[in-house]
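Two complexes, one shared chain (chain A), two partners (chain B, chain C).
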Partner chain A sequence: MGGQSRKTLAQMLWRSFGLGRLGGILAIAMLVMAISVPASYADDVDDYDDGSSALDLADPLEPVNRVIFTLNDAVDLVVFRPVAITYRAVLPPPVRLGLANFLSNAATPITLANDLLQGNSDRASTTVARFFVNTIAGIGGINDVASQAGWERHTEDFGQTLAVWGFPSGPYIVAPILGPSTPRHLVGRAVDVLANPWTWILWDNSFIEASSPTLATMVSAREDALDVLDSVRESSPDYYTTLKTLYWQSRVSEINNGEIVEDELPDIPDIR
Partner chain B sequence: MAATKAQTKPAEDFGQMNAVPDARRLTRRSLLLATTAMVGLSALPISQLAAQVLIEPLPDQTVIPPLPHPAEEFISSIAGSILAVAVSDATADEKKARFQALLIAHAHIPTIAIFSLGQFANRLADEHRQPYFELVSGYIARIFVTHSSNLKGRSVEVTGSHERSEKETLVHSKVWFDSGRALPVIWRVIRTDVGFKVFDVSVNGIWLTFQQRTEFVSIIRKAKGDLNALFAFLTRNG
Partner chain C sequence: MTKDIVHTRPSRRSILAGATAALFSGFTFGMPANDAQAATAAENFIKDVGTRILGVVNGGGNNTSKKDKFFNLLWSKAARAKIAVFSLGSYGSQYRSLSGSSKNEYVRLVMRFVAGVFIRHINDFAGNEIKILGSTVRSSRDIIVRSQVLYSSGRKLDVQWRVTTSGGALKVFDVRVSGVWLATTQKSEFVSIIRRNDGKIQGLIEYLRSNA
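And then the complex of A and B:
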């Protein structure tokens, strides 16, 4: 163990999230603040809330969230977006697709574990089938031949598992660098980092090497979202609110495995 | 010497195991077959064929498929027109005009517009209703044009429907792209006196009218409940 034992859990999480120490401290501070929001303040904010649907996410920390959102957006404009544009310019589409497929295939253990934790054996068997078909026939996961064969890709994470188990999401949180989240989602992310084999395989490597799967995933995902985020930024009356709602709707859809939960749909007004 | 050892040992082993005269050639043939199978598999047809055989049931000649719900036919009839606008080479203003015409004909703009005001809906004066409805249809059309480059699908396939109530039906569909990717799209359709009208559309899990409501409410909240701030925004961006 030696030097390895000197690494704390927090250091590992920061490193695996691709965060610096400051980012980690801010993330933990946000989590503590979110959990300790006075109920009276949350009640006051609820007066503003439409409150007619599960697609609404309470945002009692909005002032703090907006500050962090502004900082994140600046980092995105200065670092992540230019990196994503360069990545798109340098690598042709088939190479980018191959890398995205490889990263998705490498994340299979997380999806499989959470399929099983959610008691979803059908999706677990699909995950296993996809992994073997893509790893063997898809050359290490570069080609997603399983999708072409009808086994569609899906992802699961521990945050979704907590939701399926009935844990409430908590309020909306904008985490430093990570962006839109909730306390439940942040806890899920931390557990997924611990459960990810890559965390342990790269345990003794340098910061850059150990963070490379996370950084590669972030760059690939940011490149994939370039056009959509650019047009949302251009057309949105309130970028913060738009991203918050997009995040939560997308998250609810992931938790429900893409199925519509009719009780969650807002009522349609009766207009003549 | 080492190479000679490596070449002769398998033949000796096979000779001890059985009486096949040319076992070494058999081993090479097996390897060749295995390699061919791997290459063939990576080119996908085997797994694809297996999946089709396993997943798709054999056609049953005696089963007559049920007639599609009228709401499905409604969506089938309009989805192609929407895609046609998205992929057309028309100018932004032409696209906006064409999509706004589709909206007015096939979406229930008053319901969408009132819903989008959230808890501020009761502040809309009667004399402002019609101008507000026109602003909303223009705004949605402008947003559609902004995002149309991301919506250039090849075709729309209606995959089913579910009648939630006498008035409302959910119609499920997929938009297919040239890359072979399919995007799930669900339509909330309401039955009116003049036929079916679209109330909301979910693209990959995102309900667009709901999304719009949070943005409109945010503008009104920032203006401390003054609807004129929203009207000014819609006028600028419609």
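And then the complex of A and C:
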């Protein structure tokens, strides 16, 4: 780790292209996308489509977004969904849960760093307690015994930290492969990849080894969302629009740690 | 504007203390008596509605009959017209231009659509009990009630309700599950349909006739 940490950002960016480290490539792609958003849109942060509430996200790039969304959906149907179905068929629920718990535990450094950056010492102490309890008593994080002891799981990321610091979200963006996002979220994702110790620990390993945490997280998350996405795809009048609003409302909820921010609620129509 | 008046489920002792204080000060649990009454009424209302919903979920019958039962529940307990107009987003003014019978049909179709969404996710709500956690009175016609659905497995699902009044009675305006408000989601979908139909509400009505 010591030698790795002395790498400059330029070296890392270069090597991520040269060696094809998935996390590094995704980080760079996210940064490029985030800074490529026209300034007029980036300044448009918290403008909402009908001006109705903060739960609506402006989508001035909708024509482009829909094209990328269609491509993403095709890739999902051909690659990610079948992989997730196979993953579900091959591994029994306890094994999948154990892997999801392990991956969540391994992401603790990111959550802890962002707990602290948001000045939330209570949640930071919960994150630390969860990490030690789950790593030791939970056999490396496979069992989430901390939740049973009252330390509920939560996640934080740098995109949420930027939101807490007051940075505007920018408009809705559908990123290739990554899907629903905003410039703020993309920057946050890129920073999280760069700040994640696993990115550096696995840096000199083979492509598959270095990319395994990212790939495992993607497969686990896709399997977890199988039923919901299948249901939405089947029943939604407009899959693109439904995923957009589900993404944004979930994101707002994450940023607010699950609490309702009353000022963000739309008005109730004044009719009988 | 928000009054930031929060009503947390009180203990029996605090009920007595609060009731005593209310006799002398007109305030209960640190909030004006009217708001305390509104909070209690909204919580009781949601407890009743939630219990009825669980009754539909866990009761007998196939999904078609459950959809009918849930539709009837919506018809009596939801703020039908408010939800129907809200779902039109920036096209809400077109509701006013509809004839009386078209308004009735549209509202009925929206409630059928909501019932259909509920039926598709019915297994997610197969809990044993609904527990009221507290409420926030924003105004007399806008109260947020926080609850949990308790499952036999020990799982707990947080559900928040936005309660309003219509015709003098309490009605459900919106429900939030896993951070997602259902009416807001429906509004996005309906607006998208209207946009794809040259901004005409008739396109949405046609869609609902075929799919609700």
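Here, the second predicted complex is superposed on the first by the 224 of 272 C-alpha atoms of A that agree within 3 Å, B and C clash if a C-alpha of one lies under 4 Å from a C-alpha of the other, contacts with A are read in each partner's own complex, and residues count from 1 in each chain.
The definition used in the following text is that a residue touches a chain if its C-beta (ideal position, glycine included) is under 8 Å from a C-beta of that chain, and two chains touch if they have at least 3 such contacts.
Only a predicted model underlies this, so the values are computations on that prediction, with no experimental measurement involved.
Visitor: Please tell me, clash or fit, for chain B and chain C sharing chain A in the overlay.
Guide: Aligned on chain A, chain C clashes with chain B.
Visitor: After superposition on the shared chain, which partner residues are touched by A:Pro63: those of chain B (first), chain C (second), both, or neither?
Guide: neither
Visitor: Once chain A of both complexes is superposed, is A:Gly166 in touch with chain B (first), chain C (second), both, or neither?
Guide: Neither partner.
Visitor: Is A:Asp263 contacted by the first partner chain B, the second partner chain C, both or neither?
Guide: The second partner, chain C, only.
Visitor: Could you say whether A:Val252 touches chain B, chain C, both of them, or neither, answering first, second, both or neither?
Guide: Both partners, chain B and chain C.
Visitor: Identify the partner contact of A:Ser235: answer first if only chain B is touched, second if only chain C is, both if each is, neither if none is.
Guide: both
Visitor: Counting touched residues of chain A, say whether chain B or chain C comes out ahead.
Guide: Looking at chain A, the partner in contact with more of its residues is B.
Visitor: Check whether A:Pro92 is in contact with chain B, with chain C, with both or with neither, and answer first, second, both or neither.
Guide: neither
Visitor: Under the contact definition given at the top, report the residues of chain A touching chain B in one complex and chain C in the other.
Guide: On chain A, the overlap between the chain B and chain C contacts is residues 50, 53, 55-56, 231, 235-238, 241-242, 244-246, 249-250, 252-254, 258, 260, 262, 265-266, 268-269, 271-272.
Visitor: Along chain A, where are the residues that touch chain B in the complex?
Guide: Touch residues, chain A against chain B: 48, 50, 53, 55-56, 133, 136-139, 143, 145-146, 148-151, 227-228, 231, 234-238, 241-242, 244-246, 249-250, 252-254, 258, 260, 262, 265-266, 268-269, 271-272.
Visitor: Which of the residues in chain A end up touching chain C in this complex?
Guide: Answer in residue numbers: 49-50, 52-53, 55-56, 231, 235-238, 240-242, 244-246, 249-250, 252-254, 258, 260, 262-263, 265-266, 268-269, 271-272.
Visitor: Mind listing the chain B positions that touch chain A in their complex?
Guide: Answer in residue numbers: 38, 41-42, 44, 47-48, 50-52, 55, 108, 110-111, 114-115, 118-119, 121, 142-143, 146-147, 149-150, 164, 167-168, 170, 180, 184, 186, 188, 190, 199, 202, 204-207, 210-211, 213-219, 221-222, 233, 237.
Visitor: Any idea which chain C residues touch chain A in the complex?
Guide: 2, 4, 79, 81-82, 85-86, 89-90, 92, 116-117, 120-121, 136, 138, 141-142, 144, 158, 160, 162, 164, 166-167, 173, 176, 178-181, 184-185, 187-193, 196, 207, 211
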